[in-house]
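Labels run A, B, C and D following the written order; every chain starts at residue 1.
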């Protein structure tokens, strides 16, 4: 269950303060010359210590490629990679060893596994999303060759600088747009494009909401307002041209895009648009009430190095998982043709 | 991809106006005496023709059990079942054979498969959700034995009766609450409980949004507002009792439930709460512009028998998929213990 | 686990004396006009009561197609089908209800599920292989369009007529040859073509051995004897022709085929050849010692209607699963290209 | 497809002369204290350069543990590990870069991926089996706690020393016995215990045959010879004892074990016994005819460092995959209970 994807698959490993973080990409097409500079630039977008509101943990995030490549070209075999954890400060967490930080995964991991790695959040740390960025960058490279582009932006974010001064944190909303997606991706009934996207997005820590197209706002519309009219893009073209180009496919799209590019769970060729809601980072410096493992009351003020908001760094994660989903569903669609 | 679940798995089949609709449930525990009355009552909740705002198609929805049972008791082998489509009126759809109904799956299915069953929406019809209700009813039976209950209710719905008069449709929002879920369900990193739920919910036609706990509202909170304080339920109990009952487990929960019972993707033992946004039914009687397969403009007014809102009937679907997800994740968790 | 295949997937259901036997084929390409006569002729090869040495149970095996088709053409949606069980004689088995037939699945099913359908072997009956033949026939249709042919034959079979007279049964060995398989099928490391084939073949009741190419005999050869020399099929052609046809691919194959067309787990373009060993049917009329559920000794002589040998009927099963494997691995390979 | 297992899952990576070889074990139970000495001793069994007939490549095979552990105890999160390739001599293979070694995977990998890592066989090298031994050792640890033991031995092997002098290689047959397997493991119809075992064994390089119990020999027996009589182990015990111990389960097993502990695809509680046939190592020093990529004839004598027989080193691989299969099927069975 640390694997995502059907054909283009990523399996990840690693805890925040363990030896290394990494992953295996299985099912990547062969003969692809990896663009390592692009991968690094994507990782750079995810890195901490870039601004006053992000965690001050400083990791070089130097990727070591372990397999699947010959002179930087993919072999079709599994691409394994890792990054060592170097700037670890487990002592920051020593005091929290037996205490459940509110709205963190401490309690749930312990309930699930009977044990947890208390150093920096262990497997539940945001640090473990690094491999997603690597796989996402490779997926983007595959998509760019087909003129498919993925771009996320912040559409809402709380007042981070003020929150930081108050020892508090804020949440936000990310909107992502995928252009150039071919029509026909997504597998009904239980592999719909929107379901696959939703699944992928909820793999990002702190995500609590997901909507496609106009999403929750659609619930308040009438059908006549929400429906997307189909149009023929070539309708204005001279008949002469159409006659001279008999093989050209009819070029249909929708005038509006309330559906966010997905109808009946399948892409319709228009831009795929979705939004993701992030809760505030639960690690706050303000004192909080909680309990320890024995059930005794404790007051904690979370030190360590933490972001004030997930958002600036999460954009690349949203894009990465979106790109992986498109690549995977494209490959699945190819299998049937 | 017409299969959902890891251990408790449902594979469905059927088109709206084909011979039959049905499914196979694989991985259901053996020696369970099915409560057929309960299954029927759940199907009744999904049935059409129950009110002025739902479709007037009248199907008896009489389930035929094909396998997996001996005297009504599960054998552990696949449980196959089906319902024949009887009240079919493909002629209602004849006129729409070559036309793409706005915000329906006509266009996308054709793009995907190069062919589509135009009779009543084919595979994309809401009728194909029937097997989900059957599997959900069985999952509920499994859960009820463990005191886990799933209940969905409408928290917002447009003005249906007015919309019907205007030849229009409306959307709505469903909230679902699961009580009694044990802590520790959900599989990080890519099988988180919230991801599995999201995936399941987007399998329901017309769903465009999903949020857990306070969801999108969390994006606008501060950490100090959003965090759920852990408390010890037994904190007020006399020490004497705790001493006399040394083996009793510490009884921890959260005071608030902004997280919706899921933290770090894993259930924390509090109620799981989530909301699902439904767009308005796209089949409206009002005239709409669209194009046909050749790309020519067409005006259509959709006849046939359609709901004005997905909601009243969708409640049981939301519950069914939630129950299936809980049952499946419970069984997955058991595998590790 | 009643599902086989990655892209071209079959899920089966049914017990010997239950209501029906059937399956769902998911992932079949759309726009394929099914050849129902061919499917029937394949089923005919599997049917009982065709000779003195096969079971005298007479089932019409009339397939009812439930979904996935429009005018006999595949829609890309799940193809469900079933056959009703009509010539059931559960009373034949009443006496065996609490007794474990030697080398049958009675005991193991009961150990696994705590319950078993004692009527005719239930799920473990050879009757449950019928859906495999249907899926196999469709897979063959897909392959034939690409000039891939699958053919199994009996290479060894015990003396059936004599065994029948003695109230005994016999086993046998089937060899299957697949011609026209393109090179490059099979997914290392754990989805090798030979592993997938082996997995598929062991899904057939009574199979106890499987070997590829020279199989067990290879264990006794030296490398210099076992290795297959690569040759260029076009080596003898005039240079002139090769020059005039510059785009022709080099046409490499192996001189011998000890490898059975699979090297490193991947097809090499030569014929895929494998053998499958069937144990004797365990249902013998001769008296046998066994125990009942309470552990008490019992002597039984198995009545009912049984084959003397699995083989004549199993040929079509071996072919069907081989065809499904090739179709599935071809589609998986397509996904990567 | 570089992943094996349903619950206890191993994903491997690495090429013979790449940076590293390794894997990720997902689904391992938490709170298991790994026995690193045992893992090392298992790796030692697989290592080369141990005898005159095995490859003289000398790798320290020092495992680096990357994740999933806290003080040597499993966390329930993915356990990643790797071993660096240090004693690489790609120059040994430079001459073979464009030549297809007979009965190797050179040609098939190139057909599949359009590219191959020619250095030491790349992904198809026996070196890539190392992660299997690690996962197998951990699986064995899980099994040993339940008194389940896996033991493989050589039952046939060609004359290795003579073959080595002749520049040739030999094959062999391994028999494996698993004691203590509980009855009820294996999932009909397509996840039968024998099918899962067969699948696993064909993941080992050079495996060309697999049989369970008496295997191919069963094809030549009569039912009356092949059937395993059920007996009650406690039949000889005094009634007194049985009365005083009313809850004791009936203790049934089979007198003979022609079935190899598997009936109807499910374990019956008797020892699971199977055999695996290995072809001779295809790398022989003797001159061989072959072709190069351009289809031109070439004579090659394979230098490099190679085993004369797969067998002595393969024993631990057979055991490892058998142990992984048992552990996985046990966990799958637990999920249903």
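Here is the rule we use: contacts are C-beta pairs under 8 Å (C-beta built on N, C-alpha and C of every residue); 3 or more make two chains touch, one makes a residue touch a chain.
Quick caveat: nothing in here was measured; it's all calculated off a predicted structure.
Colleague: With centres defined as the mean of C-alpha atoms, identify the chain lying farthest from chain A.
Modeller: Relative to chain A, the chain with the farthest C-alpha centre is C.
Colleague: If you tally contacting C-beta pairs, which comes out ahead, A-B or A-C? Let me know.
Modeller: If we tally the contacting C-beta pairs, A-B comes out ahead.
Colleague: Between chain A and chain D, what is the gap in Å from one C-alpha centre to the other?
Modeller: 37
Colleague: Take the average of all CA coordinates in chain A, do the same for chain B, and state the distance between these two points in whole angstrom.
Modeller: Measuring from centre to centre gives 25 Å for this pair.
Colleague: Would you mind pulling out the distance in Å between where the CA atoms of chain A average out and where those of chain C do?
Modeller: Inter-chain centre distance comes to 42 Å.
Colleague: Multi-chain contacts only, two chains or more: what residues does chain B have there?
Modeller: Residues 1-3, 12, 27, 30, 76-77, 112-113, 123, 188, 332.
Colleague: Which positions of chain A touch chain C when the two form their complex?
Modeller: Residue positions touching the partner: 7, 27, 29-30, 76-77, 188, 331-332, 334-337.
Colleague: Inside the complex, what are the residues of chain D that reach chain C?
Modeller: Result: residues 1-4, 12, 100, 102-105, 107-109, 111-113, 123-124, 128, 156, 158, 163, 166, 168-173, 183-192, 194-196, 198-203, 205, 207-216, 218-232, 234-235, 250-252, 254, 258-260, 262-269, 277-284, 286, 288-291, 293-297, 332-333 of chain D touch chain C.
Colleague: Contact residues on chain C for chain B in the complex?
Modeller: 1-3, 9, 11-15, 18-22, 24, 26-27, 30-31, 64-70, 73, 75-80, 82, 112-117, 122-123
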